[in-house]
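Input: structures, listed below.
Next come two complexes built around subunit A: one with subunit B, the other with subunit C.
Right after this comes the complex of A and B.
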């Protein structure tokens, strides 16, 4: 993997906001038209910079939700005490200009050239965003790597990309676990991702699976530890965490 | 010239009176976010050591009790992560790299920190000496939690925090610079937050 890192100059570019899609009550996908965007790899992220009238700036990193062949899109969850996420999810309008640079990160990407390893994707909340990029990319290129997505959300209405995930086929198995509230007749999993659930969902070790975990810190910590407990080697478990505001 | 983000005023700028302590592109957080590329390793302290290596030779190695027996310094520093958060006045306890290097003969120009889990990061030796770097094992008066790099991590607060390698197990002394983990994945080789050296081309 070394040497595949991005070496081109990552300059700030002025992106024009395109379509916006409300994914849930607090989550919005924002398409960005970025001039001269160098194609990204599924799993990478980008930086956003906002500038107030008096020159105050705020920068944040967001996972890229789109495939390398689509218009760049990010999916942003509004954080109650956030500074940038409320602006992006409530104030931003189509046609607005914001500064962007990227793509960034060369580790939490899917090396689809290695199809022998089944994929295990474990998402907590908006940690599902880079996995949409990976799943769409996998489908676009006709890759058949057996793939499982285990997605932990508070409740069914909090599930991001639900229609798309429910329609996934072609060797992808999606399972949800709902931690706080389950609808009547819910037949999926309930409660937090734990050893028993991972034991059920995770690929057997002898298949040399590759695991990706993305979500809040405590979620990632506990899932990564549980996978190591199941015998997954540390270098087959890639993690990405988010925190802050 | 950056375009103005219409209607953006910024909510966090008044959370600190010390804005001149916050590097460009950073925001102040009171949380302590965690960032790591893989699972958190757990090495029993009985098997733990900190080594200074050169080539194939281990010049010096300290067991956990031996490290604890060295002079421990209390340091209060601001830390900045490349993912844009800065945390002010963090309190650490640890042993200065000066103390460790004083026990070996060396004339290295660079070091590569190595860690449980396989993580590495590279630094000029001038940046880990003269009271600028520690092997930290205490945070806020408590043992350093594993998710923050415990039992011990490097602490190099004047550089972006990926240089403060978690779960550190030693330093390899080098004559020539060698990129570490994130440095090979497109992050800046040096990582000065005040010059916003986030990515390789910055």
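Right after this comes the complex of A and C.
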């Protein structure tokens, strides 16, 4: 049809598992070689479909951890009662094939063409995964948007991508808050993300910041409410929830 | 079970509507709230997938899979417009 945008059909493809990296005791990054993958935008997802021998099918959505120019990678946290994550983090081997479709999503993506707005990224647990894609992409393209990441984790060993996050520079400030356990001499923040911490870390309103929050549902609800309480307009606060934690 | 949000069903919606829908703007037929699909409440554990309004909790959309068929009930949406790229 002339004059209409070409609509990309979302089809399941067979991806081959590549390198895998253990990020923490329960979190693994998995590279996927996906034929005919349409380049994604930082913040997008992909769906994974596993089919059991008896025909039972389980589908899950995972944030993409890599930049548009890297091999596609997801970072998966093993959930104790999970159906899919234990398989992905324990049983999957390089060379295995799994069904994948994507890229998915157009809301929780970073509009890097809008450099005027400083970026506030607030992550709870494995909610940091899409932000890794955003931060790497920002760096790769030489974008200078002032950026702050506030990352809430249970303890220091639970921090995903810690070496990479600690090494960020050029306009990116990373701060952690540890909710359950702090190592001796910890100088970062402690406890849950609350009004006081956001007041300290969040960009002032007059800079028209753009905020992204990703994490467990209760975390996202509480941080979003706190940011709106600080005066952030609702349409400058983008949220993504992945359920219980 | 905590509610998720519309991001969680981006793939399903893309499959049903043939285009990216998480940034689409939906209007609640009950209370009139206008918001991106990504910001709705989504329940995956219900019979089928249920989307509700974040303000008034009215059901906006239900998607039920049966074999290879998907049945979609959109009566709770007064309008649903894909985002302009």
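Quick notes on this structure:
Methods note: the second predicted complex is superposed on the first by the 236 of 245 C-alpha atoms of A that agree within 3 Å, B and C clash if a C-alpha of one lies under 4 Å from a C-alpha of the other, contacts with A are read in each partner's own complex, and residues count from 1 in each chain.
In the analysis below, a residue touches a chain if its C-beta (ideal position, glycine included) is under 8 Å from a C-beta of that chain, and two chains touch if they have at least 3 such contacts.
Predicted model, so just to flag it, every value in this text is computed and none were measured.
Once the two complexes are overlaid through subunit A, subunit B and subunit C clash, as defined at the top of the document. Once chain A of one complex is fitted onto chain A of the other, the partner contacts of A:96 are limited to subunit B, with no touch recorded for subunit C. When both complexes are overlaid on chain A, the residue A:241 reaches subunit B and subunit C alike.
In the overlay built on the shared chain, the residue A:107 is in contact with subunit B and with subunit C. Between subunit B and subunit C, more residues of subunit A are touched by B. In the superposition on chain A, A:227 makes contact with subunit B only, not with subunit C. Contacts of A:58 after superposition on the shared chain: subunit B is touched, whereas subunit C is not.
Subunit A residues in contact with subunit B (one complex) as well as with subunit C (other complex) are 5, 7, 9-10, 47, 59, 61, 104-108, 217, 238-239, 241-244. Across the complex, subunit B meets subunit A through its residues 2-13, 24-27, 29, 31, 33-41, 83-85, 117-118, 147, 181-182, 184-186, 198-202. Interface residues of subunit A, counted against subunit B in their complex, comprise 1-3, 5-12, 14, 47, 49-53, 56-61, 81-83, 86-87, 91, 96-99, 104-108, 217, 220-221, 224-225, 227-228, 234-235, 237-239, 241-245. The touching residues of subunit C, counted against subunit A in their complex, run 1-11, 14-15, 18-20, 22-23, 36-39, 83, 85.
On the subunit A side of its complex with subunit C, the touching residues are 5, 7, 9-10, 45-47, 59, 61, 101-102, 104-108, 216-218, 238-244.
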